[in-house]
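Chains: A, B, C, D, E and F, in written order; residue numbering restarts at 1 for each.
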Amino acid sequence: DFDHALDSGEACAAFGAKAASLEPLYRNGIVDFGRSFREVDDALRRLVEQVRTSAKTPLMTVLLEGRAHTGKTALAARTAVTSEFPFVRLLSADSMIGFSESAKCQAIQKVFLDSYKSPLSIIVIDDVERLIEYTPVGPRFSNTVLQTLLVLLKKAPDEENRRLLVIATTSVSNHLEDLQLTDAFNVQLRCPQLEEPSEIEAALRHLVADATQRSSIASAITKPLGIKQLLMVLEMARGDHGVDANDFAACLHQFLGV
Amino acid sequence: DFDHALDSGEACAAFGAKAASLEPLYRNGIVDFGRSFREVDDALRRLVEQVRTSAKTPLMTVLLEGRAHTGKTALAARTAVTSEFPFVRLLSADSMIGFSESAKCQAIQKVFLDSYKSPLSIIVIDDVERLIEYTPVGPRFSNTVLQTLLVLLKKAPDEENRRLLVIATTSVSNHLEDLQLTDAFNVQLRCPQLEEPSEIEAALRHLVADATQRSSIASAITKPLGIKQLLMVLEMARGDHGVDANDFAACLHQFLGV
Amino acid sequence: DFDHALDSGEACAAFGAKAASLEPLYRNGIVDFGRSFREVDDALRRLVEQVRTSAKTPLMTVLLEGRAHTGKTALAARTAVTSEFPFVRLLSADSMIGFSESAKCQAIQKVFLDSYKSPLSIIVIDDVERLIEYTPVGPRFSNTVLQTLLVLLKKAPDEENRRLLVIATTSVSNHLEDLQLTDAFNVQLRCPQLEEPSEIEAALRHLVADATQRSSIASAITKPLGIKQLLMVLEMARGDHGVDANDFAACLHQFLGV
Amino acid sequence: DFDHALDSGEACAAFGAKAASLEPLYRNGIVDFGRSFREVDDALRRLVEQVRTSAKTPLMTVLLEGRAHTGKTALAARTAVTSEFPFVRLLSADSMIGFSESAKCQAIQKVFLDSYKSPLSIIVIDDVERLIEYTPVGPRFSNTVLQTLLVLLKKAPDEENRRLLVIATTSVSNHLEDLQLTDAFNVQLRCPQLEEPSEIEAALRHLVADATQRSSIASAITKPLGIKQLLMVLEMARGDHGVDANDFAACLHQFLGV
Amino acid sequence: DFDHALDSGEACAAFGAKAASLEPLYRNGIVDFGRSFREVDDALRRLVEQVRTSAKTPLMTVLLEGRAHTGKTALAARTAVTSEFPFVRLLSADSMIGFSESAKCQAIQKVFLDSYKSPLSIIVIDDVERLIEYTPVGPRFSNTVLQTLLVLLKKAPDEENRRLLVIATTSVSNHLEDLQLTDAFNVQLRCPQLEEPSEIEAALRHLVADATQRSSIASAITKPLGIKQLLMVLEMARGDHGVDANDFAACLHQFLGV
Amino acid sequence: DFDHALDSGEACAAFGAKAASLEPLYRNGIVDFGRSFREVDDALRRLVEQVRTSAKTPLMTVLLEGRAHTGKTALAARTAVTSEFPFVRLLSADSMIGFSESAKCQAIQKVFLDSYKSPLSIIVIDDVERLIEYTPVGPRFSNTVLQTLLVLLKKAPDEENRRLLVIATTSVSNHLEDLQLTDAFNVQLRCPQLEEPSEIEAALRHLVADATQRSSIASAITKPLGIKQLLMVLEMARGDHGVDANDFAACLHQFLGV
């Protein structure tokens, strides 16, 4: 049973390592920048509760999609960590560089098999397109890894009283749809860009002290952008005396072509 | 001969394991939600009887197709278990993750060869598209596994008095048709969605106590959906005091986009 | 020389095994259902006689094509068995499941090389499309096996007084044409469907005792169908008191969509 | 040097075997059926003489193309045998069934390397499309073997006083053109079909005793056909008293669809 | 920690070797030919400073793209060397000729893993299209290497106080865009051609002594060209008495078709 | 250093062997047939001189392209031999038949690495399309070999005072352009056909004694042709008393279709 599994050093270490490895993914915090953010954040919480409480939900699978840089990885990671489920793991391509396709499948399957031993588990699959080695040219991808995911995403734990929540992130959900991978998830949620000046200002609340500067920066942004991009350009524009709205606009132009 | 085969521990264990592994596939029961359900259920029973009784039917192959979430797996599994045939096996992709193509072929062939030793056998092939690793992009699939199935689905047991019923499920029968795999089956049956309010109400009979609630829920559903989807949304909408029709409608909208 | 080859147990056993394995393929008999049947049956007999008697015909190759279920396998098998040639072999995909492409080529070549040792030989290649693992999607097929067949179908036995008749069956001759495989045969023959009520009635002569029933069944059939399909639907419709024409029509509709 | 090479048993045996293996290819003789035949036959002789006599022609390569059944193989084989060159070899796919691509390349290269040791050599490559495993679907072919041929067909023997004539046959020269394989030959010659009644009658001179029968048969043929086809249909139509023109026409219709 | 890593002979040697190997790439110097040059040069410097100073920039990735011969390699190399970061490495295809795809991935990953041990690192990836073996025909490329880059370009060093700047060069950024590889970089910069006569004259300042000759050469050039091309044609046109403007124009025409 | 390398028997032998192997490639001499010939010949000489003398030209790469049979191989070979550079090597597909792709890459790389040890080197790559196994159908080619060439053609010798000239020949430069292989060369030169009667007459100067015959032959040629073709047809038409203009015209027609 699960306690026994946790007794074994290997499982224990792996578990610890994994929960720990998720926290750095939101090192820069998660700032509430408005309604569109809260919508997806709330939905994730509610799914965690359903899995925690409903005996009829042995398996729940969520695809958290959205444009690049919108904070998908951070949000998925925080959801997993704050769930306090006893088994939490991250599946991401960077731990599998140079693996053969079948080695990848084994590694993925192992995480799922391990999760079946815990009463409550969360598996975060970050950038699922990288796991299947997707390129739109061709397109090319590892059909072997794709099929493995398609099978595992449909399979509930065999034993009773074992429940698993899978949260996958992607920024190419349109391509995954062609592969019928989006359909394999029970639920899809969209991670939003920052669109309104008020959202920008809210996001900068703790980063730019001066409210007038915040509002100048917000008005320099004329196209939606992701929270990660906002933070990067802020860093580029940072001078000795904080961030100047003009420098910010210049960086926005030169480096992001906005 | 067959009895001898059953004597051997391996075959025996395998048989037991397999029959047992089919029952959890309809753990949530099979509810009679109306005429369209009974049509396919009856047809399956009649084919079981034909195989049981007709000496001129050494091999009968059925493709149970239908949209995702319509209950195909549950129905095929129950048909197999309730047949009480001495040899009942499940062939599904989740027991073959990471297998090479030729290992898959061997595993599949082994189940068929074993079945030829029993006077009456049923093989359930769940999600046959996963067994052949089908992706519509390309399309890609394992031609080796496909050819193995095409051959085995046409081959009657060599010995007399051996009869085999194969029930395969799929939710992409249109794709299988391109591969000439649907033609390889003697018979095709369609697993229906729930379309009428009366069907929804019938399906909820034992799940929602209050008849008015049942009828509100039924009227919240404006598009056909599968029995499995109905049960999932019900679970999402379940609160401390059962399921409220408004909550149900909200979940239907947020999670399934209906 | 040939007698010597037959002396060796291996060749002998193989030969016996093979001839025996062809008879079950027409276990349900071959019923003369009319002129279209006799045309192809006669042509096959004449080719057997040509090979038996003409010293200038060291190699004759025939492609017996026709829609699925028209009785191609049964007809080819009976032609081979009734020829009473000393060497008769069946080449079919079900004895090569899981073989690598090159293992398949070797197995095929072995049968041809063995045949060259007999003065008179027949090789039946059943469902030649399965041997080359053909799928119309792509299309995909084993070019290695195809090339092996293309070479062997053109190669006469090296030694004098060795004559070989090859009879291959297929239900996708249009696809084989694209592969230039049909051109590799000296002769093509077409196996017919049952088209006329009189043909249906003739086919049912020994299976349905009552002549009125036979004629009702014949009139229930409004589209051409193969002899194997006719026999299958008959079996489905068989009740305790034989076959009723109405039941037959119902089965025809539900299971074959006719 | 060459004499030395012939001393070694292996080369000697191989040489003998090869020359011998070419003669059966025109066992049924070569009949002069008219001007179109003589044109190609003469051209082949003249090229043999050029190689025999011109010190400036270390390498001459000929592609003998024409429709199926026009006698290409027989003509190439006789040209090689009657040249009386000391080194004559046949390269054909049937001696390489089941070879890997690289094994094929080695076998081909070996024949060329061996030929460089003889003052005068002829290599016959029969059905060059089979050597490269060509299928028009795709198209598919062995690029490795193709490249090997493209290289060897351009490479003159390194040593002086070594001269090599290559004669390749094909019935798909249009496809070989796409592969730029036809361009690799110095010269292309076309093997003709029989087109005129007078050609048919000439071809039958020694096969059908009665001149009136010959002329009836000739008039039964309304489309051009190859010499090999003519001989095959004649054999099919042969009865106890020779060939009857009506039987001939019937066979022509049933078996060749003419 | 890093000092420890540098202690080990292997890391130390590799580090030295690498920094040294970058200097020859701008052996011919870097001449300031005008504003367009300074723009990209300044941007590179500023990014080096950001990485040196911002604790919130653990990873910065730049794609330096531009037409062939515009000096991308030289500029990237000088930026890396003059940064005086303790860890500087060159990743380029010529050190991986004949490597298997997985060996390439390992070599690439090793350089990144090594960089994570240094507080400040620069990795120059020269001609990233060669690393992924890109050919526009097909197109073909190593998806394995591409995926490895896509993953590594997004992964910040795990430990705190480790910062990495990646500068990649390419002359086919349009093709890389199709592969979604350009999007994987935080910033893209364009290396300019010489367009104005004044730029040509500036570039020739130290190479052609006579100002009138410089101006004649500048006016002989009617289309934009890269700094490397300019230097090459100059070398072709160089006679015993330096470079004559007419010879320069002739070489330009004959060798570059300008 | 280089002298040392030459000391080792292996390098020495290889070097000798290689220079020797280039001479037979222009055994039939190089005849100056006019201005178009001299243009390309002069350009090649000038590039040899640039490499011999310019310290700023460590690497020069030339693609000598032109239609089949125009004398590219002979011209490249003579340029290499008459340069009297200490290191001269031929890279051509016929020395690599049956090599795996990686074995080819190694062999190619070895020649380049060896060249870097000599102060002045020439590598002739004959028929570069054969090295990359190019076929226009598909197209197919060895991307591995192509990438190896693309890398080596851009890489100057690491050490100072090492200079390398690469001369590659091809008759399919349009196809190489699609592969971006032509762009990898610094310079492209075109090898011309014979177009004018005066060119034909000049080419025949030493081969046909009689001036009237030369002029008749020249006027029989109505389409441009390569010098190699001219010499071949001359040989075909050669009779006991030299070449007759009528025979020449007949051969031209029959064998080349002109």
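As a convention for this text, a contact is a pair of C-beta atoms (placed from the backbone, for glycine too) under 8 Å apart; a residue touches a chain by one contact, two chains touch by 3 or more.
Because the structure is predicted, anything quoted here is derived from the model rather than measured.
Chemist: Using the touch definition from the top, what's the fewest steps needed to get from chain A to chain D?
Modeler: 3
Chemist: Shared touching chains for chain B and chain F?
Modeler: Looking at chain F and chain B together, no chain touches each of them.
Chemist: By mean C-alpha coordinates, which chain is most distant from chain C?
Modeler: Result for the farthest chain: E.
Chemist: What angle of turn lays chain B on top of chain C when you fit their CA atoms, given in steps of 5 degrees?
Modeler: A turn of 60 degrees brings the C-alpha atoms of chain B onto chain C.
Chemist: Counting residue numbers used by both copies over all numbers at the interface, does the chain A-chain B contact come out same (over half shared) or different (under half)?
Modeler: Different: fewer than half of the residue numbers at the chain A-chain B interface appear in both copies.
Chemist: How many Å are there between the centre of chain C and the centre of chain F, using C-alpha atoms for each centre?
Modeler: Centre-to-centre distance between chain C and chain F: 58 Å.
Chemist: Between chain C and chain D, tell me the centre distance in angstrom, where each centre is the average of that chain's C-alpha atoms.
Modeler: Spacing between the chain centres: roughly 34 Å.
Chemist: Can you list the ring's chains in order, from chain C toward chain D?
Modeler: Here the ring, read from chain C toward chain D, comes out as C, D, F, E, A, B.
Chemist: If you look only at chain A, which of its residues touch chain E in the complex?
Modeler: Listed in rising order, the residues of chain A that touch chain E are 24, 28, 68, 93-94, 97-98, 100, 127, 130, 133, 135-137, 140, 231-232, 235-236, 238, 254-255.
Chemist: Spell out the part of chain C that touches chain D in their complex, as residue ranges.
Modeler: Touching chain D: residues 43, 50, 54, 56-57, 102, 105-106, 109, 139, 141, 143-144, 146-148, 150-152, 154-155, 158, 178-180, 183, 186-187 of chain C.
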